[in-house]
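Below, each structure is written out as structure tokens.
In what comes next, subunit A is part of two complexes: it sits with subunit B in the first one and with subunit C in the second one.
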Partner chain A sequence: MKKTTLLLAGTSLALGTTSAFAGSHTGSITAVSWGGAYTVSQIEAYHKPWTAATGNTVVSEDYSGGIAEVKAQVEAGNVTWDIIDVEKSDAVRGCDEGLFMEIDPTSLPAGSDGTAAVDDFIPGSFTDCAVANIVWSTIFAYDSSVTTNGPKTIADFFNVDAFPGKRGLRKSPKANLEMALAADGVASGDIYDVLATDEGVDRAFAKLDTIKDMVVWWEAGAQPPQLLADGEVAMTTAYNGRIFNAVAGEGKSFEIVWDAQVLDVDMWAIIKGAPNAELAMDFLKFSTATEQLAAQASYIAYGPARKSSAPYVTTYHSNADLEMGPQMPTAAANLATAIPNDFEFWADNADELNERFNAWLIN
Partner chain B sequence: MWQKTLKLVLVSILVGILLGIFGATAAHYFRAGIHFIEQFVSNRFDNANRFVLFFCSLSTAAFIISLIKAKLSVIRWHGPADTIFAAHRVDNELDIKSGIASTLAAFFSAAGGASVGQYGPLVHFGATLGSWLKAILKLRISTDIVLGGGVAAAISAGFSAPLTGIIFAHEAILRHFSFKALAPIALASGTAIVVNNYLWNSSTFIMGLYSATDVGPMILISIAAGPFFGFVAILFMFTILTFAKLPTQMGLNQFQSFLIAITGLSIIGTFYPEVMGLGTSAIINLTTGSTLFLMAVAILFGKIIATALSLGFGFFGGVFSPALLVGAAAGSIATSVLSWMGIQSFQGPELIICGMAAVAGSVIGAPISMIMIVLELTGSYSLALASTIGIVTATMISGQLFEHSIFDKQLLSRGIDLSQGRMGIRLMEENITKITSSKILKFKPEVIVELAKAKMVKMRVNEAYVNTHDGKYIGKLHLKSLIFAKPSDAIIKYTDTEALNIKSDASLQQAIEAAANFIGETIPIVDRKTGTLIGTINEGDLLKMYLDLQGQTIDLEKR
Partner chain C sequence: MMDSSGSLLAVDGTPLRRKLAQSMFRSRVRAFGLALPLLAFIIVVFVYPILDFLRQSVYDARFATLMPATSEAMADWDGSTAPTEEMAAALVADLVIAKKEKTIGKVATRVNRELSGTRSLFTKTARNAKKMKPPYMEALIKKDKDWADIETWHAMKTASRVYTPAYIVAALDRKMLADGSIIQQSEERRIHVQLFARTMEISFLVTIFCLILGYPIAFLMASLPLRTSNLLLILVLLPFWTSLLVRTTAWIAMLQAQGVMNDLFVVFGLATDEDRFSLIYNKTGTLIAMTHILLPFMILPLFSVMKTIPPSYVRAAKSMGATDWTAFWRVYFPQSVPGIGAGALLVFILAIGYYITPALVGGQDGQMVSNIIDFHMRKSLNWNLAAALGLVMLVFVMFLFWVYDRVVGIDNMKLG
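And now, the complex of A and B:
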């Protein structure tokens, strides 16, 4: 009798323990982003805390923007990515083409101050299929240890006589056309009105023509700081966070010129047919919370998309004397001639302008 | 540096001596004046009907008090509660006019026969004298010195108890030990007793030296009697505070209030004249004679009701003397109960003295002062020691079940919580408008995004405010919200109307509590009445103001 009782108790214990373990399974998602310092900031602010909180893991993959690879996966019915960090115009296009899942913004967590998510995110943070995480910008920069009395305006970037040397430009019409028009004298508020006309596009390409022979083209965000560090270019356009990290993290003497910076938002989108869509959604909600967005801003100079994150943005993670606020593209001091990206314009015209840009490159 | 220190020391000493002289003089003439009037009435109208006599004298007093109130434009009478409150502030001295008017009102109330005390008004008058000296001599000395010195002088001269004066000033009024003020306070107290004794040959009013008592049994009796004295003190305070609310609740005007008080007091005085006026002779009778149980009960309840009627319905004065008499009556009742139980060891004044000190100590929140007063007024160390148990037990009971003192309760009804300490009071007192910045960027709701953004960028601000055309606050505008906004949109579309705002009459405490959960750069301050935007504050300003107050409080209490 005693033995029977003991056996029954042992069986119950074993059953209970195995059931508990069986119930606490963990999973993994594949998050795709832009690599380099930017992905590092996401790993520190999003991936690691999410893993610590849920036990789920994140496999990180890099890409260079656009939706071509996503389209290939979806159309082939072989989706291996779960969640992707995209520019807003690509988020709109991807959604229109059925590549991304729809997301209800009201399902996102409220801000730390209790403000509902739809009110907490800055305007323009939501598309039907994506949620903004950061505000970043395309700026141009130079190495002040090489170029003394450096350029101050976007016009200087295009002035190879006064500021000789090669130029680095992203191999894409985005931001380049805007900056070209700004350098040609178009006010930042009028850029897209001009670019919406054939004459305006011609004018932008004409301006690019003036430096075409001097351009070194880059594709990945990690390249521009390297081009500057290697002395391959005198100045280059870049994502502002990459230059900041080269300065703050690697001690480079690069200077950012904020004139005509092109502001943009990056967004998380979940790919339709993603193998771990549910987990990816949980990751998306977690990583776009007030604290996570603010935490990311201590690793890279990109502004959080939530208003409630702003007060938590303090100093650089490895330098308590370096305030991150003034490094952000959204700091008032950096906004005077800023050009906010017109996402609708690019969603409507990206294909056409990409074609023309590629043709222009070949010719 | 040393000259400055020497000057400060000399000034403090001089102020202490001056307060001692003035305090003793005021106390003497206050009591002598009341005594003179009482004697005058008694001699002239010895055979008059007692009701008519009380009715006439109280009516005369009421008339004079009304006159004082009208002529000096006094809104309310000031007493020890105001002194305590003033001692908890750094930059708020006592109002001299109200202090003098209140002392006069107390004088005529007591002289007219109302059941009021003399020490409360004298304490406040002493403190007012200190404030007055500080003001006219433009002294840059601590509030502790001027208030504490005045209070100590009043108690020292009033009771002929200089040590009690020193302790009372610290315990009941300042509520902390003030090292820098100790010498001036002691000087004021010492000077007051010297002046009182040498000029007017005053001595202890209650009793002479008391012979030794059997400490052990007395301590046991004190333990048992202490809670009883505590409950009596609670009944006394509760009745006074309840009566004080009645005229307002009943919608009475000043004349109607006085009429009720005069009639009620005249009836009580007709049957129990012992409970009227300062009650000094009744205390002496209780401590020196053997009062019957029923008489003691009548005095206890009669004094409580008479005092509550007097203070609640228009007359003014202290509660210390009435509390002493109530305590003496309670002690007499306890003595009678002991006698019934067959305990005949304490049929002298021991329990009566203990009861006086315990009830008064509970009412004014000063148990140590009461222990000291027993010692000074009886000269008996053993009686003081034995009374200690009764006093502290009573104050513990009343403090736990009611309030630290009647003054604390009065202040609490005015929204001032002394239990929060100086810092807590200062935080509730300080208004935030003094740190409000009016340098803010404001827009009308129809301004377009492009213009607002350009202006904010030009002025390098991340936050601006949106007001209606008549200046009413609508909400906050974040620069970040405008970055990707349609340039031609009106900014009202992007205005955060739910942003935290604080009303202009908020205290620093309330502002800090609100800011604790605040996220952003600045908090708008909105006029409560008009709804207009007055300015903004930020967390840094709040912290700076808090630290300033903390520094001032430390300066007041420690240095």
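And now, the complex of A and C:
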């Protein structure tokens, strides 16, 4: 009996595949993203449903951030990627450099509740060339099995007397300067006003100076959970989704501190001269629809960029008891002191602050 | 056969000398023809791209091409007087076009490199440029008071140079002003000179460590019977066949605070459990991992030179009364110098451009120039500065090569 079912299933699968290939409009696009648990969530929530609905396939490639590859492809006139998942600052920069196609947000489908796309997406979801899919955040975390009476606020992160041990920080001024100012007592709403002044920048670096000797710098998102698990650091900043996956997927006892989390969005951008630009646009519209964004939230703890997705966010895909709502950076309880990343500020000042940060690092 | 003048003739009657020259020429052409595909290949995929990329270190036509009227209006302005209405009018006209052609981002990024914070100034102003009416200077300042700041115009003046030393100057921690004079960067932004010095220091130390560790091994391999030395050779080559990334990652497992080495130190009482050694994510980590990875490049040239030194020389020295040390130092060692030269140069030059290992285990004080080049290639997209840093590095290595040739002599090098 079992055999027959399998055989039948196999046949129907084969038939399904054949009919998909027989369709005249099927094609394939190359989607580039960050790899790991994040790409898995996209494959489950975007790629598979899109293939099921249209018959088109998605070839998934990984990259480690930055848009140098895109720039190289566009400038050489040999574009092989179609659509890419980028940080907002890269979306803006890539648009400035003429690497991405312009996207009109009004062409996106309305939310499932009928709200027009421009109103349905959370503020800051659009640049001239990109559309947000998820909201992620930089938080800090510690291992509660090691540190029993753990830190509660961002000030504790910088308090090495009360909470001894090494600290993990991303090797970039972004998020670090904001968190340093928050720890120094600046209200989350005033962070960028302070950072826009020379004294503010000095103040942020002075705060970072207090823990400089204790810092282990990380660059890839997969590193901080590893640093925590190895006991290399007592606490570390990290992307909230990575910590969540270590807890939910690998049973680690990491604890996230949401105080002064720095909110950011990831965005889809279509590369100028992409071989399958039209299909990619179709994929972009499909994957940023209410249902797809909500579905993604059961694989990773990044918040959907559409407001209409929130009611559909359910439980973790392999654990029906784990509600995803409270795990999101956008959950009301986590938002109290959140700092939304000011991309305009970073687009203006990234060069100078990076330079100063790099110089600060080696001195 | 001989002709009347007495020179040798070939069978067909031509002088033998000419015949020989002809056939030599033909074989030379054939040899060149055989090497031609490789030569063409190297020029197309190696020499040309490198030169083309290095050109970017002094060439940046972005501003001049995208803002032609402004560049022309500014050509005669020396930056000491207030910017003129004519310049403002040209700027507004260019901004209108740049906004329409969607090139404003490129322009803004370029000027932002000279003066931080000007990116949004340009994009904001471009949005309103179409509505502006003369006098343009007032209209600009009304839109944003930063246009009244002469620094903004200085930045544009610097950006408008097509062939510019600005990037090379920046690679040496200096800054070019609008009038062409060069000053040193402010202290908290100086980074490159120090990085070059550190890169030299790390490469030099790695070379020394490789030599100290590699010489005895090569000596052992050269003096042991063939079967044993082959086994040793395989052991030396084994890491060669493992991915660089894997070897570097293995060192992380070995050296980290909760790693194998530190655990051993704690067991033997050399460190306490709370206060373990920092062996990785700093210069120590970079030195250890790079020495391990580059060691075969020292051992192999040493070994191949030592193998050719006849053991009878040392025996002869000893038979004439030399002590073991004298026989080694006066007879054996000088003959191994070509191997040391080759190995040291190879390791040093490889070390200078090392990138993955310092990136992974270097932490903050184990970074090298290659890491900052990578940063400008991938993150900041400032390829001009990356090219300038590469150029400085290339010139420096060439200089070292020249010094080496003068001091040791390049002919005195043997790779096997």
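For this structure, a couple of remarks:
One rule holds in what follows: the second predicted complex is superposed on the first by the 339 of 363 C-alpha atoms of A that agree within 3 Å, B and C clash if a C-alpha of one lies under 4 Å from a C-alpha of the other, contacts with A are read in each partner's own complex, and residues count from 1 in each chain.
Assume a residue touches a chain if its C-beta (ideal position, glycine included) is under 8 Å from a C-beta of that chain, and two chains touch if they have at least 3 such contacts.
For clarity, every value in this text was computed on a predicted model and none was experimentally measured.
In the superposition on chain A, contact is made by A:A359 with subunit C only, not with subunit B.
In the superposition on chain A, contact is made by A:A68 with subunit C only, not with subunit B. Of the two partner chains placed by the overlay, only subunit B lies in contact with A:P311; subunit C stays clear of it. In the superposed model, A:K174 lies in contact with neither subunit B nor subunit C. Contacts of A:D351 after superposition on the shared chain: subunit C is touched, whereas subunit B is not. Once chain A of one complex is fitted onto chain A of the other, the partner contacts of A:G98 are limited to subunit C, with no touch recorded for subunit B. Once the two complexes are laid over each other on the shared chain, residue contacts for A:H47 go to neither subunit B nor subunit C.
Put subunit B and subunit C next to each other and count what each touches on subunit A; the higher total goes to C. Of the two partner chains placed by superposition, only subunit C is touched by A:V216; subunit B is not. Residue ranges of subunit B in contact with subunit A, taken from their complex: 450, 453, 456-462, 478-485, 487, 494, 496, 498, 517-521.
Residues of subunit A touching subunit B in their complex: 111-113, 115, 119, 122-124, 135, 189, 263, 265, 303, 307-308, 310-312, 330-333, 335-336, 338, 340-341. Those residues of subunit A that touch subunit C in the complex are listed here as 65-68, 71, 93, 95-98, 102, 166, 215-217, 219, 230-232, 344, 347-352, 354-356, 358-363. Taken in their complex, subunit C has these residues touching subunit A: 102-106, 108-109, 112-113, 116-120, 188-191, 194-195, 198, 256-258, 281, 359, 363-365, 367, 372, 375, 377-382.
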